[in-house]
């Protein structure tokens, strides 16, 4: 099982943000994107997830049976800057919805909503409306979403934003657990996540200052 | 003093939910008895007094219609007073009072509307006309329903109470419109003949049952209002205790 | 009696609504009371009661 | 998909009191009309079907523009776009939920409203039927606008130009079918069939166009 | 305050569709009414002012529910609440911007709409004048609803329900002033003066109540 | 000049989140709030800013002439989790609006929009719509808002969320500069901000689990 990206390039507006980005992640490996603000980390993650059109290059996922999939989004979890939860609904309703909507990709085991809440350190408050939680609590439950439906690839954009120190450790452990079970992790971050043996990719921003399509 | 919340201690004994519950338990039976008595006398009077030479038997509808219409307006007035209590003193019992009055007010408004149209059919030949009095009562009904819906849509009760309080106060403009619509717009509906400055202009023959029924309806309203307030306080206690239980449970699970 | 339908209709409807409102209020009260009883049975008690017990 | 439908319905209930709201809204709109046109019952009963249809249009428009924007703002849209369910289906279900939450109560309440407007039984039945059949089309058209609103954050104007003119044919055939049923001489079926055709057409075109717009969102 | 006005106008053009949506909505309504009334031009011209007024009322509702919700969602509302400008003034300016963006175009377009409805010159003039004077009142009342909507996760229909009944007096006097101008026998001035009084009254009450609501809903 | 809070208590929903919080900050001092997720940091900041109703206690600001002000919000900047910028408008339009709207409190000097952009390290892209920026760039411009209108008190809720390392340093310097000019800073944070000699207040969360008014 591996995730492969070859010679990726992406444009934001008119500018080429990066080009020639390639990587290959085997089962259990992690790639950490670092770089200055605006250097294109989020852009790269969204390109891999299929949320942004890519200018050049290819992304593909090959599972353990050797089948290759071009639409990597389908087998990935994406945790963006925003939490994808409705503040009107309770945490349990939110998580339940995503569990039903996302369904299960075969090959993995998932946990119940209560167990997921337990895992992110917030058991017992799943009956509160999501909007009533503090920023860090919201982030934790957004992460719990990754546990209730199995996906081999996790794409995480600054997962530990707004978390306290114990939350950082907790997330690191959950990510490590996912890797141990053979999952692949792609994360953008400004603070060290504490992942063992993760590859690092430094984004430089504006890969070329030359004129765009028009000149 | 079992209660120590600062917001509460400022107020008189009645203001304390626990005191209120004790008081309610004591007076509800008396009020219920009084209501029943008034209704017995009122209904007896309404069906034994003579009919009007012009309106015939239908004048008897007046004995329900008019008290119901008065209470529809009074219910809203009570809500407005509670709303002031909510906004000015942030008083929890005022929240409860406004919330409990809404369904009751809506019920009495509905009675006034339906008995009014039942009266309108023989008198005016139509169930419904869009005249100012009728429409403004209809709008009162809609406002009651809207406020009930609003209260349900916000799940933090004290916030819900404060928000509805603002709307209740703004909506109060409708009450004078109802009251004076018949004078401002010359319409089909009767103008005031009981509640007017120069004394009632109505035959005592009709006035007696009308007043007894009015007292009966008012007593019913207040009985139900106090009962509904008590229910609401209980409801909030239950939720508070449930939440506390959940909190304690999660705390024990997570040292 | 002239227009008996309208008169009895009006009284009937008024009775219906008032009785419904009364019953509903009463049933609501019973439901709340039983909820409190179950909470009590589950050992969750009001703080004021508890402190009073402790005293 | 059931989960999505339920969630959207729950959301619309949480936000504003649920099914009752549509009816209440409508009652309010209808109660306002006689103040404008005057308490002329004959006139009211004549314009009744048109008013009911306009109310349906307004109800569908309120909140429709946020159909996908709300999802984008909290990031849910990303996850929906990534997911393997055909996106068209997801959008169809979202439209359905919006229709159930805002238009269906109107359809159900329309007999009551008809009474208020002093409409005849035939007129009430015809209005209800045409509304049931025609109002989904308005939602589907609106969905395209909502999707465009997400795709072009600064495309506000475009949305209104896109949505409102497109709804005019639906409105016209709906209303004229109703009047044909009530008054004759023109037959009821032709405009009614056209209405059905319009709804089916937009049920296909709407979600498909919305999908296209969402897939091409700029970020 | 000028800055706020300008920003809100810019936003309504960039994001909401602004000016056009009211006019388009209005054209849709006007396109449908003749079906109900039939091709009877005299009748059409008679109910014309009422229809224009109702249209203005409904058009004012579009987008109103998001007036403060949008500010809350991106955090701007917090800063506005903290600021030393009297909050009432801020809200007044926001109402004004909303009025300019949605109702003013309608006022300006009303002669055109009057022509569509076959109204006489006096009627058109009177409608335009009463609309100009009366429509701000609707916006001010709506602002209260919008402020309440901040407490709701999503506004939508509920807000309109709460707001619409309160606008009825405005509608009544607006329409009756117009009719008085067109037909006599009752004089034009009394209802028109009441209309002005209503607008002034709500210009004070509306922002004040909205302030009260906003101060009580933040979290 | 000092900011004083005495015996503050606040409720969220029905629960008392904290009580008996008092502090006094002299001109040039800073207070850093720390604590677990959901411990009430944001709540405290919002109470001080006057955005949340306080259950008990008082907050007041006394300026250099000895005038005491009860509504602290008026002389404070508040930077919350959300950036208070419209993504449809350009950065310059956004900043310009806030400059006009907020006006100036006497006693301080402010900088122009371009200088503020320069100060947060993003000169030259003020003509872009705010929505086109990366998360960190948005946060930087939200911070630039604090520079364009003078306020003696800054209330910052996780100011460095989404920032890269250089951004952290930059913000720390800007905050220090504000303190040197006599400003007062109140900040909630999970990562050390690197402020010299700042007081620290550890929030504990749920000061008491008892029932509220109703029981």
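Letters are used for the chains, namely A, B, C, D, E and F, taken in the order the chains are written, and counting of residues starts over at 1 for each.
The rule we apply is simple: a residue touches a chain if its C-beta (ideal position, glycine included) is under 8 Å from a C-beta of that chain, and two chains touch if they have at least 3 such contacts.
Bear in mind the structure is a predicted one, so any value in this text is a computation, not a measurement.
Trainee: What is the set of chains touching both chain D and chain F?
Mentor: Expected: A, B, E.
Trainee: By number of C-beta pairs in contact, which chain pair leads?
Mentor: D-E
Trainee: Sort the other chains by how far their Cα centres are from that of chain A and give me the top one.
Mentor: Farthest chain from chain A, going by C-alpha centroids: B.
Trainee: If I superpose the C-alpha trace of chain D onto chain E, what rotation angle comes out, expressed in steps of 5 degrees from 0 to 180?
Mentor: That rotation is 175 degrees, given to the nearest 5.
Trainee: Just give me the whole-number Å value for how far the CA centre of chain B lies from that of chain C.
Mentor: 16
Trainee: Calculate how many whole Å lie between the centre of chain E and the centre of chain F, each centre taken as the average of the chain's C-alpha atoms.
Mentor: 37
Trainee: On a C-alpha centroid basis, what's the spacing between chain A and chain E, in Å?
Mentor: 46
Trainee: Multi-chain contacts only, two chains or more: what residues does chain C have there?
Mentor: Correct list: 46, 48.
Trainee: What are the residues of chain A that contact at least two other chains?
Mentor: Counting only residues that touch two or more other chains, chain A contributes 12, 81, 86-88.
Trainee: Among all residues of chain D, which ones touch two or more of the remaining chains?
Mentor: Counting only residues that touch two or more other chains, chain D contributes 11, 14-17, 21, 24, 28, 31, 35, 38, 73, 153-154, 219.
Trainee: Which stretch or stretches of chain F touch chain A in the complex?
Mentor: Of all residues in chain F, those touching chain A are 12-13, 35-39, 41-42, 81, 132-137, 139-140, 158, 161-167, 190-191.
Trainee: Quick one: in the complex, what on chain E touches chain F?
Mentor: Residue list for chain E touching chain F: 2-4, 6-7, 10-11, 14-15, 73-76, 78-85, 218-219.
Trainee: Using the touch rule from the top, collect the residues of chain D that touch chain B in their complex.
Mentor: Per the stated touch rule, the residues are 14-18, 20-21, 24, 27-28, 31, 34-35, 38-39, 41, 44, 116.
Trainee: Considering only the defined contacts, which chain E positions touch chain B in the complex?
Mentor: Checking each residue of chain E against chain B gives 141, 144-145, 147-148, 151-152, 158, 161-162, 165-166, 168-169, 205, 209, 212-213, 216-217, 219.
Trainee: With touch defined as at the start, can you tell me which chain C residues reach chain B in the complex?
Mentor: 1-4, 6-7, 9-11, 13-14, 17-18, 20-22, 25-26, 28-29, 32-33, 35-36, 39, 42, 44, 46, 48, 51-52
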